[in-house]
Each structure stands twice: as C-alpha cells, then as structure tokens.
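After this come two complexes, each holding chain A, first together with chain B and then together with chain C.
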Partner chain A sequence: MIVAEHVSKHFKRHRREPGLRGSLRTMFSSQYDLVRAVDDVSFEVPAGVKIAYIGANGAGKSTTIKLLTGIMRPTTGQVRVDGLDPHRRRVEVAHRIGVVFGQRSQLWWDLPVLDSFRVLRHIYEVPRAVYDRNMRLFRDRLDLGALGNTPVRQLSLGQRMRAEIAASLLHDPAVLFLDEPTIGLDLVLKQAVRDLINHVNAELGTTVMLTSHDIGDITGICDQALVVDRGAIVHQGTMRELLRSVDTRAVTFEYAAGSVTEAEALQIIAAELPDVRAIPAESGRIRVEYPVERWSARQVIAVLLNRFDLTDVLVPDADLETLLRRIYAGSPAEPVSVGDGA
Partner chain B sequence: MSVSTARRYARLTTVLCGVSLHRLTAYRMDFLIGAASFVIRIACQIALISVIFQYVPSLGGWTQQQALFLLGFSLLPRGLDRLFTDQLWILAWQLVRTGDFFRYMIRPVNPFYSLLSERFLYPDGFGELATGIAIVVTAAGAMDLDLTLVQWLLFLPLVLCGALIHTFIKAFLASLSFWMTSSLNVMVAVNQLSEFTAYPLNLYHPVLRGLLTWVLPFAFTAYIPARYLLTGDTGLLLWTLPVTALTVLLGYGTFRLGIRRYEMPGS
Partner chain C sequence: MIRAARRYAPFALAGLHAVTQYRSTIVLSAITAAAATALQVFLWREVYVGGSAPAGLPFVHLTSYIVLAQILGLLHTNRIDELIAGEVYRGDIAVSLVRPVNYALSCLAVNLPTAAVSAVLAGVPVLAGFSLFASLPVPTAANLALFAVAVLLSVALAFQINFLVGLAAFVTTNTWGIRTIKNALVAFLAGQVIPLALFPADVVTLLRLLPFQGLIDSPLRLLLGGYGDWADAGRILAVQAGWVVLLTGVMSLAWRRSLRKVEVLGG
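Up next is the complex of A and B:
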C-alpha cells in the first residue's frame, strides 16, 4: 500500500553567519549546507497494517510523511501510495489518504467545527450514508457533538485534536498518516483515539502509519514497527520482533524502609549481579536493568528476594521504553542489534 | 477542465460561500469594523477629489464627476477580487513560514482553489464593492452618462478582467514567499502603488504611467476601462484581454513553480 524506493530528501540550508556583517555576507553568498533529512530509504507497508514509524527528533520521520502525502517531492527515489505517485497525482492520492499533523491544523480556522465537516464532505465527495455513519461514530467515540458550533480558533488543543482526527477519517481513507496524533489529549481521550483508529482499521482495513513519542500510542495501536535513524531504516518487522530484539529487561522493586540505605542497596546489587545497571527510581524504588544474555529473570529476582526485605516488585512489559530511549539518544547505527550489554 | 469538474467546483464554491456567510453573521463586529474603516478611507479619497476640484475646473481633461466615476469604477474589480482572494495576503505573510500551507496540499482539490476557498466572501470585499457601485451610479447619474449597447455589454467583462489582473498580480507576489518565506512587504508596496489607479493616470510622470500599464498592469483595472466607458476612447482597450491572459499565466505559473519547491518546515 505504501512503498518507498531509495528515497532521499535533501534540503539546502543557506549558511548563516552571526552578526550584521555575517548576515550581509549571507545575503550575497551562495554557500549552503546540504541537510540529508531522508537518505536512501526503502520500505514497503502492506495494506491493512498498522505501522509505527519510530525514530529520534530529526530522524526524518515527518519529512517521510510529507513525502508520502504529496506535500513535498523527494530529491531522488520514488514513493507510491496505493500505486500512485503522491506528488504527481496529488488529487487522486488525497482522496485515498487521511493526514493528521498533531502540531498543525487542517481545519478552517474561523468556521464552526460542524461547518468545517460540511465543507470537507463536499471537498472529499463523501456519500451521504458514509458521512452520517462517520459523524455518528465521531459523536460516540470522540464526543464531537459537544464541539458543534464552536469556531475552530476557540477550541482547546485537546478539542481541536479530536476534530482533526475526525476530519482525517471522514472520507474513509485507505491510508491514514498520523504524526503525533494524541498531543494535548488527556488519558481518556488518548485511549478513545486509539480505540477509534483500531476500530476503523478492523472495520475498513485502513492502513495506518503512525509517528509518536507516546509509547502508549505505539503499543496501543501498532502491530508493526519501522525504525529510522539518521535518515535510514534500521529495522522493520512486527512489534513483537522489535521487542524481542531488546537485549535488556528491567525490574523495579521497593524494600522496607530503613533496612538498608540506598547507597548500600546499590552496592549489594553491583556486587551480586555484575553487568547489571541499578538506578534509583522515584519514591525510594530501585530499577534494575539486566542484560538477558547474562542473567535470567529468575536469577535476578532470586538475588533481590534473598538480599532485600521486598515490599513491592514491578516487572514492566518487555521494555519498549528502554529501546526507544536508546534509539532517541542516537545510539550507534544499529540501535536494535544485540551485544552491548546494559 | 471537463464539464463535470467545472460543476463540482461550482457546487463547492456555493457551499463555501454559504458557510462564509454564516461566518459573517457570527462575527458581525469584525464585519462592521472592516466596513467602517473602509468607508472612512473612501470618504477621504472623495474629499480629496472635491477639494482639488474647488480650485481647478478639470484635472488632466477630467471633470469632477468623471474623476469620481473613475474612483468608483476602480473599486469594482478590487472588491470582486477581495471577495474571493483575501487568503493570498496570508500566504504572502506567513503560510509558508509557519508550514500551514500543507493543508492545501492534502485536499483533493486544486491547491490554488483550496487556498482561496479559506476566505471566500471575506467581509471587507462587500464594503468595497457596495461603495464602488454607489459612487459609479451617483457619478454616472450626475453627468447623465449614456452608455452604448457595446459599452453596456463590455461593462461586466471589463470588471472581471480587472479583478483577474488584481488577483494574479497578487498571486504572483504571494507566491514569491515560496522562495523568500514571506513576501508581505513587496505585496504591501505594490498594493499601495495600485491605489494610484483610482486617479487619472495621465496626471503622472510617464515612467510611473508606463510602470502601471505594462509592468504592473493596474491601468487595465480602472483607468483604461473607465476612460472607454466615459469617452468611448478605445486606445489601449484592445490590450485588455492579452494583458489579462498574460498576468493570469504568470501569476498561476509562479504559484505552480512555488508548490514544486515547497518545503514544509517543522514536525
């Protein structure tokens, strides 16, 4: 459904020099830096898949989405959505895709929300039945009816995001591109948005491509992951594979106050479990990150049970957070490869 | 453009104008302030003309009523243009810089149409059009202007050509923002220059006259058609169509080129 073949996007940035003299020089110079926002990236996303597009800020995620939605043209290479070049055949592609940029609005700034949807219905030529069905869905799941006659410019961020997401789904798009779609939403609404997207995917087979810094979005929506680093793809596979490739696990525990000091506790762990990273966590807890190659969960827990007067133990889900943190911190070229311990 | 596409855009325009009128009633205050400020500006222009004609009987061969007719006529294409293309100002000002231009690229309609549609029937245009009509009718009545059949037939097409010239000069200048990120300054300067055409062009230095006729062809939006309607002088009138066509091509072509190189900043 979505195909990228050796896609690169390079920007020219004029080199700016500081100060008045520098800015004068900038005006007359033709020197520029080449920024490789996306560099020779290839991937393919089959129809009906919900894929997370993961990478640090500046990894080229948004740029790739702008290329796939026809907003910009790639410098070299090809992108196709449903078999069409999104920039050259923009109008046809626009009919088939929905787009949400969490930081921006695509609604009519000074029109009431419902008027915006009425206009969108005509722009996308949405059949009456589909329009009614979707508006009912949005009313039920996003409480869109409550926004009704408020002009978009008076909406809060959370209200606006609900309207944006509804707007992107109004015409039953075949592909949905979501760039930070739950920004500004509270926990309940975040969940409502995730449920809605999953519902639409299940009912209509909508392909979803998501970028988000919210781990809950990624785990709550996506079944596949695409990891980009410095403009290049470093991993593509199912979410499960990605999680399996994480080479550390974590255990957080709490021990009876006063039995040992924090420094002592850290020392004990360092002595008994070499190669393990122990980090003081909030409210007196300690988080233990251990490499799965070196230690098993049983060994780690055994040591903890043995040495501490445990009052609480938390074993987080396979540790996507650690993985993402490592990706975002810009670890060496293959962030999901095994072998560097914790 | 096929018939069905044309019909689709016509229907869309009706819908968009409908919701805009709705907006007009929702923000009545904005509308009133916009209209009031405009009426004050025009009143100043009329006062200026009256003052001048207290001292001289005619100005470059134009009587007071003729000068008023010209002033009024100049508002017609300008008002018509403003009713539909006010969003070009926003493009020149900030749409490229802030990245918000993207929304015209993701809708399944022509991006130029999509851009303009955001401000169809913006309130300010109504004031301009209404004032223009009032002045033209008053001045024509005062001098018992008698149009020939051909002049009657050409009246609306001339206004339309003038509006197109206004629109696509603006489109050209606003599109420069794709290269400069903001071209508002240039647009403000040119807009001020265009106000010169509310007065008889033969008063000005030949260089300015040439500029307003052949470089920024605002003369074709007011002076040339108004003189034809008043005196039957066809002078440069025949150039109206080619000049309009060329302006449209240049303005729209620049917009298309701008889109090709559009880079949306930020995430």
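Up next is the complex of A and C:
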C-alpha cells in the first residue's frame, strides 16, 4: 500500500550566524548547509497494517510523512501510495488518504465543527450513507455531538484534536497518516481515539501509519514498527520482533524479610548468575538484569526459587520505552528502576 | 460542472462566513473608498478648470471614472496573495495540499464572494452618494453589456496577478515588500491613480498592451464609451481575454515550480 524506494530528501538551508553582526554578514553570503532530512530510505507497508514510524525528534519522520502525502517530492527515489505517485497525482491520492497533523488544523477556523464536516463531505464527495455512518461512529466514540456549534477557534486542544481525527476519517480513506494524533488528549480520550482507529482498521482494512512519542499510542494501535534514525531505517518488522531485539531484560523479586541481608542476596546472585546485574530496588526488592543471549527468564527464576524464600516475582514485558530511549540516544540506555509492563 | 460547484462552494461559504465575522472591515473600506474618491474628484476638477480638458476623457465622464475605479478596486482587492503567503509562512500549506482540490480554484472560491460582497456593500452606498452630488451620465445598454463582460475578465486578472504574487512566498517566505510594491504599481498601471487616457499617446499605447489595464481602464472605457467602433470594443475585450488565457498558463507553470520548493520543516 505504501512503498518507498531509496527515498532521500535534502534541503538547502541558508547558513546563519548568531548575533546581529552574524545576521548582517549572512545577508551578503550565499553559503548553504545541506540538510539530509531523509537519506536513502526504503520500506514497504502492506495494506491493512498498522505501523508505527518511530524515531527521535529530527529523525526525518515528519518529512517522510510529507513525502508520502504528496506535500513534498523526494530529492531522489520514489514513493507510491496505493500505486500512485502522491506528488504528481496529488488530488487523486488525497481522496484515498486521511491525514492528521497534531500541530496543524484542517478544520475551518471560523466555522462550527459540524459545518466543517459538511464542508469536508462535499470536498471529498462522501456518499450520504457513508457520511451518516461515520458521523454516528464519531458521535458514539468521540462524543463529537457535544462540540456542535462551537467555532473551531474556540475549542480546547483536546476537543479540536477529536474533531481533527474524525475529519481525517470522514471519507473512509484507504491509508491514514497520523502525526502525533493524541497530543493534548486525556487518558480516556486517548483510549477512545486508539479504539476508533483500531475499529476502522478492523472494519475497513484501513492502513495506518503513526508517528508518536506516546508509547501507549504505539503499543495500543500498531502491530508493526519502522524505526528511523538520522534519516535511515534501522529496524522494520513486527512489534514483537522489535521487542525481541531488546538485549537485556529484567526480573524483579521480593523475599521474606530477615531470611538474608541485601548484601548477601546480591552476593548469591553474582555467584550463581555470572554476567547478570543485580540492583537493589525500592521497598526491599531486587532487580536482576540479565543479557538475553546468556540467560533465559526461566533459568533466572529457577535460581531465585532455589536460593530465596520468594514472596513476589515480577517478570515484565520487554520494555519498549527503554528500547526507544536507547535508539533515540544512540547509546545503551540507563536501566530503569521498575519495568511496568508497558 | 455541478460537481465542481458543489466541491468548491463550501470554500466560498467558509469565506463568506469569515466576512460576516469582520463586518467593521466592510464599513471601513466603504469610508476609505468614499474619502479617496472625494479627494480625487476635487483634485481633478481643479486640473480641468485650470487648463483645457485633456483629450480622451471628457470632463462629464471624469467623476464617473473616479467613482467606478474605486469600486472596481474594491472588487479586485482579493486577499489571495496574503492568503498564500501566510499559508507558506506558517506551513499550513501542508494541510491545503492534502485536500483533493485544485489549490488555485479553492483560493478563488474563498475570495471571490468575499470581494463581491465587500464591493457591493461598500460600492453601492459610495456610488449612490456621489450620484447625489454630481450628475453621472447614464450608460447605454450596449456599453453596460460590454462593461459586464469586461468586469468579469478584470476580476479574473486581479485574481491571477495576486495568485502569482502569492506564489513568490515559496521563494522568499516573506512577501510583505513584494505585495506593497505590487499594490502601488498595479494601481498605477491599471489607471486607478491617474486615468490612462491622460498619459502621452505613446505611453498609452504601451500601457494598453499590459495585463494591468484590463483591471480598470478596459471596463471603464467600454462603459463610458471611450472606444471607436465595435471592432475597437472587441479588441479591448480580446486583449483582456488574451491576458487571462496567457496568465492561466503562467499560473499553472509557476504553481508546479512552486510545489517543488515546498519545504515545511518541523510539524
């Protein structure tokens, strides 16, 4: 559904020097820096997949979305959405995609929300039945009816984002691009938006591409992940594979008070499980971090059961947040105190 | 055609909705137009009294010319250059580009009704006011018909010129300077500041080949009978229409080139 072949996007940016003197000097210079926002990126997203496009700020996520939505055209390489070049056949592609830019509005600033939807209905030539079905869905899931006749400019950020997401789905797009879609939403609404997107994907087979820094969005919506770093793809595969690429996992346990001291416990672990890091965690717990290629969770727990009078054991999921932090930082991340199963 | 109308009509409605929110703008533009017209009328009266009437524009038509030039000016003041420049500057152009519509037509749909409404709401009182003080000659039916056609073409030209100026934003980002110069230059070359008929003959010949004269000079020559025979009237319309066709081509080329330059970084 979405194809990128050796796509690069380079910008020329006028080199500016700091300060007034620098500003004056740059008025008479024509030096440019070449910014490689996207660098030789290739990927393919099959129809019906919900994929997270993950990367640190400035990694080229937004630029890629703009290439895929036809707003910009790549410096080199090719993109295809539903078989079409989105830049050259912009209007046709626009009919088949829905886009939410978390920081820009596609609604009419001076129009009430419902009027905006009527406008969009005509622009996208949405059949009456589809329009009615979708408006009902938005009313049920996003409580859109409550926004009624308020002009868009008077909405709160959360209200506006709800309307934006609904607007992007009104014409049953084949592909939905979401750039930070849950900015400003509270926990309940975030969940409502995730449920709505999953519902639309399940019912209509909508392909979803999401960029977000919200771990909950990524794990709550996406089944695949595309990780981009400094303009290049560093990982593509299912969410499960991404999590499996975590090379350190942890087991946290609690033991009967008074049976051994903390120092003794740490010594026991060090002796029985080489290459493992044992760290005292809060309220008397101990966190055991083990390299996955050396030990399995089963082996670690077996040792713990054997040597301690266990009162509690916590074996959290591979931690996406830790993984992402490491990818973003480009270096091994600091261990987090408690894995919460995110 | 009907489908196109249904698709672009919402843009027009949205534009009108915005106008009604800013009613004071219309009142102010009426006052400005009235004041500017009064000033020009008195100024030119003095010129005509002082010397012999210049050829090409009889005194009886002068007041009509000045009043109508102001009203046409209102009809031409679309905000398209400002709109495009603003979208490019803020990066909102990204949102416009993911809509399945022709960008130029959507700009036209947003601005045209707005311009028409403000021209009528501000123009009618101004015209009525001046017809009380000065006896404005009544045009013939034929001239009125020619004028109607020329006005439509002039609106198209005004849109095209502003659209092209707006596209400059893709290159320079900030177009305030360009727009200011454009406003002054276009008003002068169109005959809004000084009727073109009052320029030296060679200059008039040259100016009447440019697109700008199609804004004010052409419609008013046709309305006030400032042409020779029917063939001459046809030529005036042909020059206007020729420019509309030519600029349509230029717009489409310039738009395609501008799109290559879209750089919306961040967000």
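What we mean here is this: the second predicted complex is superposed on the first by the 267 of 342 C-alpha atoms of A that agree within 3 Å, B and C clash if a C-alpha of one lies under 4 Å from a C-alpha of the other, contacts with A are read in each partner's own complex, and residues count from 1 in each chain.
Just so we're on the same page, a residue touches a chain if its C-beta (ideal position, glycine included) is under 8 Å from a C-beta of that chain, and two chains touch if they have at least 3 such contacts.
What you see is a predicted model, and the numbers here were worked out from it, not measured in a lab.
After superposition on chain A, the partners chain B and chain C are seen to clash. By the touch criterion defined above, A:R80 lies against neither chain B nor chain C after alignment on the C-alpha atoms of chain A. Looking at the shared chain after the overlay, A:R139 reaches neither chain B nor chain C. Once the two complexes are laid over each other on the shared chain, residue contacts for A:R90 go to chain B and to chain C alike. Once the two complexes are laid over each other on the shared chain, residue contacts for A:V99 go to chain B and to chain C alike. Residue contacts after overlaying the shared chain place A:H122 against chain B and chain C alike.
Contacts of A:G70 after superposition on the shared chain: both chain B and chain C are touched. Contacts of A:R277 after superposition: neither chain B nor chain C is touched. By the touch criterion stated above, A:R36 is placed in contact with neither chain B nor chain C. Looking at chain A, you'll find residues 11, 62, 66, 69-73, 90-92, 94-95, 97, 99, 101, 103-106, 108, 110-111, 115, 118-119, 122-125, 179 touch chain B in one structure and chain C in the other. Listed in rising order, the residues of chain C touching chain A in the complex are 3, 6-7, 9-11, 13-14, 17-18, 21, 91-95, 97-102, 259-260, 262-267. Of all the residues in chain B, the ones that touch chain A in their complex are 8, 11-12, 15-16, 19, 22-23, 26-27, 99-100, 102-103, 105-111, 114, 118, 260, 262-264, 266-267. Per the touch definition, chain A reaches chain B in the complex via residues 11, 57, 61-62, 66, 69-73, 90-92, 94-95, 97, 99, 101, 103-106, 108-112, 115, 118-119, 122-125, 151, 179-180.
By the touch rule above, chain A contacts chain C in their complex via residues 11, 37, 62-63, 66, 69-73, 87, 90-92, 94-95, 97, 99, 101-106, 108, 110-111, 115, 118-120, 122-125, 179.
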